[in-house]
Each structure stands twice: as structure tokens, then as C-alpha cells.
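Going by the order they are written in, the chains are A, B, C, D and E; count residues from 1 in each one.
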Amino acid sequence: MEYKLKRIKRRRVIPGFPLSMGITLAMVSMIVLIPMASIIICASDLSLQEFIQIVTAKDVVSGYVVSFSCALIAAIINCIFGVILAWVLVRYEFPGKRFLDGLIELPFALPTAVAGISLTALYSDQGWIGGIFAKFGIKIAYTKVGITIAMIFIGIPFVVRAIQPVLEKFDPQYEEAASMLGANGSRTFFRVIFPEILPAMLTGFGLALARGIGEYGSVVFIAGNIPYKTQIAPLLIMSKLEQLKYTDATAIALVMLVVSFLILLLLNIIQVHATKRTT
Amino acid sequence: MSIKQDSVDLKKGAKITKTVLITVSLLFVIIMLVIPMLILIVYAFKDGFTKYIEAITDTYTIKALRLTIIATITAVAINTFFGLFAAWAVTKFYFKGKQLLLTLIDIPFAVSPVIAGLIFILTFGRIGWAHGFLEAHDIQIVFAVPGVIIATIFVTFPFISREIIPVLNAQGKDEEEAAALMGASGFRIFRKITLPHMKWALLYGIVLCSARAMGEFGAVSVLSGHLRGKTNTLPLHVEIIYNEFKLSAAFAVSSILVVLAVIILILRNIVEYKAKKGGR
Amino acid sequence: GCKKNSSSSDGSVEITNVSYDPTREFYEEYNVEFAKYWKDKTGQEVTVTQSHGGSGKQARSVIEGNEADVVTLALAHDITAIEEAGLIEEGWINEFEKNSSPYTSTIVFLVRKGNDKDIKDWSDLIKDGVNVITPNPKTSGGACWNFLSAWAYAKNQYNGDETQIKDFVTKLYKNVSVLDSGARGATTTFVENGQGDVLIAWENEAYLTLDEHPDEFEIVTPSISILAEPSVAIVDSVAKKRGTEEVAKEYLTYLYSDVGQRLAGENYYRPTNTDILKEFSDVFNLDLNMVSIDDFGGWNEAYEVYFQDGGIFDQIYTQ
Amino acid sequence: MYVELKNITKTFQDYKASDNVSFGIEKGKLIGLLGPSGSGKTTILRMIAGLEQPDSGDIFINGERVNDIPASKRGIGFVFQSYALFRYMDVFDNIAFGLEIQKKNKKEIKDRVLELIKLIGLEGLEHRYPNQLSGGQRQRVAFARALAPNPQLLLLDEPFAAIDAKVRQELRSWLKEMISRVGITSIFVTHDQDEAIEVADEIIITNQGRVDQMGSPLEIYKKPGTPFVAQFIGQSSIVEDYSSLVGFDKVESMNQAIIRPEFIRIAKRGELKQYLSAAEEGVVESIAFRGNNLEVKVQVNGQNFTATRSLEKESIQVGEEVDVLIYRLYVFDEDRTYLLENKAMKDDNPVFI
Amino acid sequence: MYVELKNITKTFQDYKASDNVSFGIEKGKLIGLLGPSGSGKTTILRMIAGLEQPDSGDIFINGERVNDIPASKRGIGFVFQSYALFRYMDVFDNIAFGLEIQKKNKKEIKDRVLELIKLIGLEGLEHRYPNQLSGGQRQRVAFARALAPNPQLLLLDEPFAAIDAKVRQELRSWLKEMISRVGITSIFVTHDQDEAIEVADEIIITNQGRVDQMGSPLEIYKKPGTPFVAQFIGQSSIVEDYSSLVGFDKVESMNQAIIRPEFIRIAKRGELKQYLSAAEEGVVESIAFRGNNLEVKVQVNGQNFTATRSLEKESIQVGEEVDVLIYRLYVFDEDRTYLLENKAMKDDNPVFI
């Protein structure tokens, strides 16, 4: 009996496990878990049927579709430019590189509302860039294109900063090996380098996607908010709240949360898998 | 001779790729990041320099700036505290459910700011389940400064731990084990061995966390109540003056945030440069 | 968490006025006047903390715990919501004169200088190629007034034929290119970002825009509009708790004083005091044919029918 | 016994890293833990140090059961495989770390550290950081750091693994000498048999979580206890059909045999003056130069053997017919080995010239 | 000459990694580039491969100057030190990579890859990923991958460095055999002299960016061209005062000598039947077991020598007085070495029993 007890109290060599674990769990609970639980508590007022009815209402579904499809496209575009940017920042030397590097986090630092306002001013058909496109009859602001652009804006740092360290660590021997086997630059990139940065890119992709789906401040200004066309899901939550329909709002929020959580979980699983393959 | 030509072409190919990629990057960054910032500056000075100064020295602006700084400092302090302990727990020990814990820490990354605000309303607001308790003790959280701070903490929660954890993971725990074996206390190990190793990552995390904390809008907007001079942070204040038709003043105030952001990004670059030099 | 007793012994008092977007300029001036008045009357310093936002959002924040002593919102419905949450006592609408609406407003059109699309009345808004800007009634109180005005016009036009009215309104909203979440957002979209040919706006908002951008816009008054009655109320439970009932009551009462009424007029709100309203006859079109919310059976019914989920507004988008 | 492990078992997930491990170590000895990768050497070392808890079994140090004594209280010095030098401390501070924790006074610490720096021959480098040292130098610092607090037992996990071949050779002798000079009981882990043989007083051979044999290098070399040990130690080739060789009879249940190069003598025709009847005839398959001798492969009755031949002897050619004298070999079954001497050599009457 | 380097120089920052390097390699030979760490071996290999450009000098492959041909067009196979196997491709895809680039058809690729997999003895593992392979298996895959496109020249950078001691031994023979079977001209880099001696047909010895000597292992071993080579190859100890030894006279300007264990015979008193007058008297300082023989340290007139003694011979003890016969030694100055034979052994009249 006594022996058993001792075994349960497993000793760890490095001190501080109970303290650090305690603080970690306490803070995660206080700041993340308990508040998040409120959503579930609130949504639990609904029966399953009601819940399903709310989250599958036509306008809600269209909100999801708009948010998700724009975020997806933005995340994909971010992946392409993110890889190019990370590549340029790691592999090339050129004047202004440090400046370029420093700018990447700008979207983190700029308040989303300010970003939204600026982007709208820039891309509306009176704006500097929107004006150019308007000449060709292309509208950017107040369309899905505009929403996508705002989401690209907020998502780019996630992708670049995920890929950059991996590229930095990437052993040039792999490239040399490929070139010794006769491969040219693009082939080496797609067959040898790309698989290496893929897990990191997916992480960045997932974060950008999750952020895009949930983004409000910078998107709401540039979205036209026309139901079934340019109305994003977070705006729907807002609008439910205006009507004091908390349960409806939380039901919609819950679906988005679950989606975000699944995206994150999937990413973590991919990471674990990728490290398994490479170590 | 033909061989020589070939190699020259190949080098030329690589050069062209380089030029194209750099151009594409620059264009992307300019269009997506630089011009929006530029537009902001242009608008900020549209009504002239005096108007600009007036806007940024307005008492409400200063009060908002103060709140923003308080919220940022508190969030950074608390998240640093958390980040250090979490990183220690996660990287120095083996336990079940580590992956789940990491995912939980990441959640605020993926939560819509609107929902982030909502959850605190649903918790601490008049309709929240904790309201009875707060009421009894006359504690006001949402629609008051604590709410603004809590929301800021929430949205920036993972920033610091996420920066340190990979660095500590890469370092392994041999050095800590070696020190523990010699009988060093946890605090000593942390201070003498772990901290020097991660200090640049920590600083980088702090920089990012402050940047994000200063700029937070959505979540704070939901639970601030927009009380002028009380619960308005700088981004909220920007929205308010924007809504007052003072476009240029709004951008002027935004420019404070931009300047802060730029300072922070410069700090970030310095930190990174030092880290690379120190890391070798 | 410190004890909040707003009337402190040193003779100062603090109240919070939670209001909606277009009233900022008005209350900024009014608060100064009221502070002077209160000081004279009681010797006490009063500080009024203002909060502005979309009317619905503001009502919600009060319900959720934003400690407002008084609310001055865009429509009675929003205050009723607070009442239903138990924060305001029943019968608040009769607590002050004129349904607790110290000033009113109406809905007008703002068009670009020259009025290229030749917009004169509601019927012009459904023409092909006319681009309309108005906010979303689900998130903006002002937008509800816009919607109901249009509805009133069509009702008159089609003699109450429900299908035709609906058809009219549907066509109108088909012409809406940006449906902002608040009245101010819509104004910015129209004014700053140059979207649309016509903005359906609060009258006071329209005048304010003219002030800010002289020579760029014109106001067009439609043949039928609605009497928008922004309501005010004391948030009884909060005021009681903080011991500010007296000053709160006085704060709202003083809106009906000549000083308050004139100030409203100067800020392009129509004073409810008819004498003072007349002083502003050069500003306001006093002959405008206005329906009132009572024609829609009061706010509760109107909201239920038109703006509730699945209501008429939703229907025109699902068609 | 200074250190004793009794029936130690340790399972990771479902993998038995230590499977009923028992052995004892005398005070003052330098012990080599030798075994292939993954055989559980590090696990044993870490359990002795207290860095890992055994699932069952007891560990005694100096007669005291230490299972429940935390690592930091066991008074053990540990040299990590990758040295785990504190990267942000210089050589001096690294070595001083353990002493500072013991709250020694400044003067004492300084004296002890400088004494150790002298011992490891790094005078003048005390203010270098680990990344400014070569592999060998780092190893020395790790060694000094572990020794500084005067531990009663020193554990070293693959102390030479990270060092390049030439330097490794030198360090081996250095370490052996140092340890004998300091006189501290030590256990070191290695997967390199040459290293174990050269450095250790006694070797413990691990295999799949078990201890296969323990003994002096010569003992293990000459009397391997299990087939695994016989194969793992020394260069060896397997003989499938040993009973067909002159002088060796089949032993019950033992189907295979192991033979080492030094068990075989290859002689030019006419060179062999003795035991001719005990020798086989063979053909030279290949000859390779191996540092200071030649490695000769011969074929005897369709079986291949490897032997060595001194450079000083008369040279032989590939294809040449030679006499192959096999002195002895190890026969084995599942878990036993026996040394079999060439019977024919005893029977044969010696002929002296 | 199949591969030829002429006056190659390469400087990194201010460090001369290659300093006027010239040598030629014949077709079909297996060459070992041997030298201490940092002596510029990898740099030479990489310049031949085209992964690095020389600052000056010419590289010829098969008579053609290749300085301006990019690495991917030189038709060279390269096995990297850490193999650089593509982590996200399985064994099959790794080996097929070079063939796919040559736009071979599916069938051809499959046949060639399976042939190579068979050659390296990894049948059945073609769908494993690199991290599921042992070090030795990875090395084989890297080898097969480099061979797949039928290169005319194979370069290997420390092919055995990442592999553990036991397996390394096996792989050496394996690789040597493979290369001779495929018949491809190969150059491999190593800093391990045993490895170079065992594997290479010819050895090029590098030292501080220069080539010190080139020749067959035996040649280099027996006739080291420079003092560096003499010391680097074989186990050796330096004799400060060689002229005090019986049978060795001082050579002009040569102050030191190098002696190898096999140059020394240690004999029990009475064991030496010959050359007694050429032998010194010594005392055994230490005896250590070294795999298959004993390493004996003796002191002769205050100088220490290391020699070996067979296990089969009668045993000697530490402290015993022995006869020490030194057959020969290398004397050297700055840049030359001479082999000096023990004169006294010639003078001494042989005595046969």
C-alpha cells in the first residue's frame, strides 16, 4: 500500500512541475476555459432541434459560407505569397530587406478597425487602388473581393512567420543533393523543399484561416454586409446580439468555435505527424 | 563553348528568379501593407498639421492612450507570467494531454474577437452566471477597465508562450537536468540556465504581444461600453471620432498607434538581430 | 472593485448617458449647459460621461451591465428592451412629456450635388441604376425608421396592398449596394468612400453632413416620411443604486427647457416644443407629411412584424 | 558492493527498457556499460542517477537504498552524452555551478575550480564559452563540472560519442588516467566495444534490456557467456558447419560456431612445422592492408574465414594455396557458448626441428 | 587521368581552405581523401562536384574542363556526410529521383530502382521512409540514390561518420565491394586513417589545405613523405633523443624520430634468441588489453615506447625487465622523413639455435 502511494507520487528531476503546471492550468482555466464554458452554458438553453434550426438557418449558413470561402481563398493566397516572402527574406540579400522583414507584423500591430477603414478607403472605387480597378468595371470594396483582401491583410504574418524559421533551419545539403542528381531549381523546390515547409505552411494556413473566419473589425468596414452576398458570420452574431437573442448568438458562435478548435487540433496533429516522419 | 553558354544561362535563370521573387514580394508588401499605412498618414494630415496636433493632444485621446497603455502593460505582464510557467511545464516535463493543453492555449488565436468579447459578457455581464457574485461584492468587470484588460489578456494569451515553447523544446532539457542533479533550485535553474537561453524569444514574444494588445479592437469593443474617457481604448476612440465625421482626426489618432507599432517593429528587429548574433 | 456612490460628499456627481450615434454633437453641448444649470441650482459639480454607438448595441450594453443612469436612444423599442430586462420601471414612456421624446427627427435623402439621378421621392429609389445606401435595420435603429418610412410611402401609394408594398420595398433594397451596420457607417460609406447616389438618412445627420462638406451634397425631402421619436429614460435600477435619481431626472427634464430645446434645434433635431420649433422653420420643412410609429401599431408590434428574424425585412432578402 | 542494482525493471509505454537488471559494482572501479543502441544502457545510468524511477527493484549506493532519494541528493556526478554544458556560462562558471549551490565561499570555489581547470589542462580558457571550445575540450569541462562537488560516484553517458576519431583515442586514455587519479567509482556507457575494452576495468554487457555478462574485458573476450556476447565482442565470423573441420566434433544441440581472426593461423605451404595434421587446406581469397597487419580471407571447404597476418612475414598472394590452422572456436546454442579447442592439435605429436 | 585538379585555390573569407591543390586520379580507382578535421577535404570534394567554385585553378573530368559546368550537369554522384536523404520520400522515391529528372519512362525507372535496391540488399524496405531506417541502411540508400543515374564519378563525404562503430566496420567492406563491383571511379573523404587504409586503392593526404602525399595505403604507411604524414598515419610516438638508442646514428638536421608499435619487439628475458646486442633494456610500465592483443608501454633510458604483444605469447608483468628490440624508426626535419634501420641488427651475426 505504502509502496503504491510512493509510486503514484512520481518524482520529477527538474523541480517546479506542480507549481508551473498548477499556474498554467489555473490560468488556462480562468482566462480560456471558464469563459469559453459560458458559451456552452448559454447555448445549452437550446434543445438540439432548436440549435440545429438556428445554425442551419439560411442567412446563417450563407454567413458561414461567405466567411469561410473568403477566409479560405485569403489563406490560400497568403500561402502563396507567404512562401515567396519567407523565401525572399531567408534566401536573398537586397537593400531594404530588414525593412520588409519588419513590416510583416504590421497587421498584428495595426488596430483592426483602423486597418479596415484604411483598406476601405484604399479599395473603394474612389480609392487609390480601387479607382484603378473601377476603370475596368471591377469593384473591390463592398464585395467578397474586398472581404478577401482584408483577410489577406490580417493573415499574412501568420504564414510568413510560420515558414521563415523552417526555411532558415533547412539544411542546404538537401538542395545540393537534388542538384547533384540533376534537378533544376524549380524541381528542387517543389519536390524537396516544399514538402519540408509544408507542415509549417499548413500551420500558418490554419491560423490565417481561423483568424479570417472570425475576423470582424477589419472586415466589417469593407464588407457590403448585404445578406446572402457579403454578410459575414461574425456580423450575424452581432446582429443576433442587437436583438438580444443571446442563445442564437451563442449557438452561431459555438459552431464557429468548434470549427476553429478543429482546425487547430488538426494542425497540431499534422505537426506531430510531420515531426514523427522527420525524427 | 556551348557548355559555358549553358552555365551562364543557368545563372541568369537563377538571377531572373531572384529578381522576380523580390519584385513580387515588394509589390505584395507595398500594396497590402505599406499603402494602407500611407493612406492613413495622408488622411491624418489632410486638415493640416495644427489639426493633427490638436487631435492627438485632445484629453480624450490622451485618456484613451493611457488606458491602452495600462491594458497593454497588464496584458503583457500577465501573459509573460503565464508564458514562462506554461513553457516550463510543457517543455521540461512529460505528461499526458500535453497536446490538448497546447491546443487550449492556442484557442484565443482562432477565436473571433466578437466571440471573445461575448464570452466575457456571458460570464461577468449582468446576464452572466458570475454576476450574482460580482454584484454582491460590488465588482464591475465588463463595461469597466477590468473588462477591457481581461479582453486584452484573452486575445493576446498565447503570444508569449507560443514564442518561447519552440525555443525551449529545441534546447532540450539536458542542461536543466544537469543543474537539477547538482541540487540547484527551480528558480536558480530558471534564472541561470533557462532564461538566458530564451530571453530573445521572450522579448520577441513581449513585443508581439504588446503590438497585438495595443491594436485589439473587436473584443474590447464588445465589452467596453464606449464610455468616453473611461473605457475607451485608443482603437475604440479612433472609431468614435471616425463616427463623429472627424475623419482626419481619426486617422491622426490612428497614427499614434502606427507610430507605436513602428517603434515596436523596430524593437522587434533589434531583438531579432541581437538574438541571431547572440545565438550563433 | 470600489464602492460606487456617485454623489460624493465633496459636492460632485457623476452620471452616465448612454446614447446612440448621431447625438454626439448635441449632447456634448447639452452637457455643458446642464452642468452650468445644475451648479447654479444645487452647487454641485456634475460630470456626464457619454457613450455612443448603434442604438440597439447601446441598449444591449445597458442590459448586459453597462451602468447607465440615463439612456437616450433612437427608438422606444430599445428602451422597452431595457425595461423588459427589469432595469427600467414600467410606464417610463409617460414619465416625461411627449412620450418621453424631447426632440424628434425624420428621414430624408442626401444626394450628391446636382442630383444627377434626379431623385425626388421614394419612387425614384427603385429605378434601375440608382444606388442606395442605408444601414441594416437589424443592427441599426435609424435603419428601422428608414425602412418604415419607405413602407409608409408605398402603403400610401398602393393603397395598402401588401404584396405591392412588399414588392416596392424589395426593389428598393435590391438597389442597396452597402448595408452598413450603423447609421454613421452608412454616412461614411456615402460621404467619404463615395458609394451610392443617395443616402437615406436621419434629417439631423443630413444637415450635419452639409455643414461638414458644404457644396458637395443636397438634401431631398420625400413626400412622405416618418416622425422619428428618439426616447429618453432613467435607468431606475442603476440610478437607485448609485443614488443619482434626482440628477438623472433633472438631466432629462432639462431637455424640455428652452435651453435644451434650442440646442436640439441647433443640432438639427426638431424640438418638441412647437414654439421653439417654429424658430427653426427656415431649417426644417414643417409641411412634411409624417406618419408616426403608432400607424404601425407601436414599436413592439412593428418590430415583431418587420424586423424580427423571419420578419418582412428578412423575407425581402429570401425572395 | 558500492553500487548495487537488484531486479530493476523499467518499462516505457510497452517497451521494456530494463528487464530484471541486477549487478554490483565495487568501490573505485571504472565500469563500462556496453551494448548495442537501444539496449537500455542510458536507462540504467539514468536510474542510478535518479533521473528516472525504476518501475520495480532496488538501487543501493554504499549500502543505502536510494530509490526514494531525489537525484540532487544522491551525490552523483553525471556527464551527459551531449555534455549539456550551460551555454550561457563560461568554463569557470560551469565548473563552479555545483559548488555555488553548496554555498561554498568564493575563495574555496575559486581554488577548487582552478584546480580542476588545471587538472583538465584548460588553463587560460576559463573565460571561454562552450561554443568556443572543441569537442574534446567540452568533454573535459563536462568532466570537471561533474567532479567539482566531489561526488562519490561518476556516471558518464557515451562520453566520447560526439568527438572525432583521432581525438577520441587520446581522450580515452586521458579519461581513464584522470579517473584513476581521482580514484572515483565510475560507470560509463558506450556502444563501442573497443572503447569499453580499452577504458573499463570491468564491462557490463547489455542486450535488449537485460544484462548478458559482467566481467573484466579479457574475461569477456576469452569466455563470452552468451552467443550475443561472443558475436558482439571482437571481430568474428560465423561458421555454419564447424564439425566438418579437422579437430572439432559436433557438440549436442550446438549448431553454429563463432571464430575470431586470432584463432586462425594462415601459413604458406611449408611454413607450418607443427600440427600439420590439425590444419586444413585453403585458398587465399583476398588480402587487405589493415593498419599494421594484413587481413587475409581464405576459403576452406567452401567456408570463408578471416585471419590476420603480420607484415613482417613472407608475403602471400591471392589464389595461393595455404595451410589453415584453426586453434579454437566458440560453439553456441540459444543462450550458451563453449570454447572448443582443436582436438587434433593435442593428438598430433609435436615435431621439433 | 580521369579526374584532374590543377593548382586549385579556394579561400573562405581569409582562410585558405585549398592551397594550390593538384592531383590526378585514374579511371576506376577508389580514392581516399584523408586528413585531419579542417584540412580542406570537403572543400576539394565539393569543388569537384561543382557545389563550390575554386578561386583559381582548373578541374578536368575525363579531359574536359568542368569549372563552368553547373553541378547538376556534371554527371557526378554525391553521397553526403549526413546522407541528405529526402525525408518526405520513401526509399523507392529517393532512389528514383535522379531518374525521374532524366525523364526515363516509368518501367525503366522501376527496373533500375529495384535493381539497385536489390544491390544494396534492402528488398522489401522500398516503402520505408528514411527515419524508419537504421544508419547503415540510410547510407546504403544514399549510395544507391547517387548511383541510380549512372554517374561517371562518385564522391562520398565521410560516408561512415554517422554510423556506429560495429556497423561501420561492416559497411566499409560492403562499400568497397560495391564500388569495385559497379566499377565506378570514386573519391571518398575521411578523417579516420584506418578507414582510408582499409577502403582506398589510393590515398591522398591533405593537411592545412595542401596535399601532402598521394599513394597506395602501403606506400604511405611505409614511406611517409612528410613528418605530418608519418605522424598522422599509424600509431606512433615521438622519440626526442633517437641517437642515444643502440643502432641509430644522428642524421644531419634531423632532431626527432617517430616510432611505431610494430617497429618494436618486446621480449621476456631469454626470449630473444637473436640480435641481443641490438636490443635495449627496458622496464614494463603498463599493460593494456587492446581487442586482440596487448599494448605494452616500456621505459628505455627514460624514454617511453609503446609496443604490442600477442595474447598467445607468454604473459609479462608490469615492472618486469624486458629486452626491447627496435627494428627501425622514421627521422624527420621540417618537411622530410627518412626511414632508419637498426644498424646493430645488420652488424650482429645471426645466431640460429
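As a convention for this text, contacts are C-beta pairs under 8 Å (C-beta built on N, C-alpha and C of every residue); 3 or more make two chains touch, one makes a residue touch a chain.
What you see is a predicted model, and the numbers here were worked out from it, not measured in a lab.
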item: Smallest count of steps, each to a touching chain, taking chain C to chain D; value: 2
item: Top-ranked pair of chains - ranking by C-beta pairs in contact; value: A-B
item: Chain located farthest away, centre of chain D as origin (C-alpha); value: C
item: Between chain E and chain B, distance of the C-alpha-averaged centres to the nearest whole Å; value: 56
item: Between chain D and chain A, distance of the C-alpha-averaged centres to the nearest whole Å; value: 54
item: Gap in Å, rounded to a whole number, between the CA centres of chain C and chain A; value: 38
item: Cα-centroid distance, chain D relative to chain E, in whole angstrom; value: 24
item: Residues of chain D whose C-beta touches two or more other chains; value: 50-51, 71-72
item: Sites on chain A at which at least two other chains make contact; value: 13, 121, 127, 238, 241
item: Residues within chain C bordering two or more other chains; value: 63, 185, 192
item: Complex contacts: residues of chain C adjacent to chain A; value: 54, 56-57, 60, 63, 81, 136, 138-139, 176-181, 185, 189, 192-195, 307-309, 314, 317-318
item: Touching residues (chain side chain E, partner chain D) in the complex; value: 36-37, 164-166, 169, 191-194, 197-198, 217-218, 221, 234-235, 260-262, 288-293, 310-312
item: Footprint of chain B on chain D - complex, ascending; value: 49-51, 71-73, 76, 78, 80, 82, 84-89, 97-98, 101-102, 131, 145, 149
item: Residues of chain A defined as touching chain B within the complex; value: 12-17, 19-21, 23-25, 27-28, 31-36, 38-39, 41-42, 81, 84-85, 87-89, 92, 94, 96, 98, 100-115, 117-119, 121-122, 127-129, 149, 152-153, 156, 165, 185, 207, 210-211, 213-217, 233-234, 237-238, 241, 246, 249-250, 253, 256-257, 260-261, 263-265, 268-269, 272
item: Contacting residues of chain B [partner chain D, same complex]; value: 174-175, 177-185, 188, 192-193, 196-197, 280
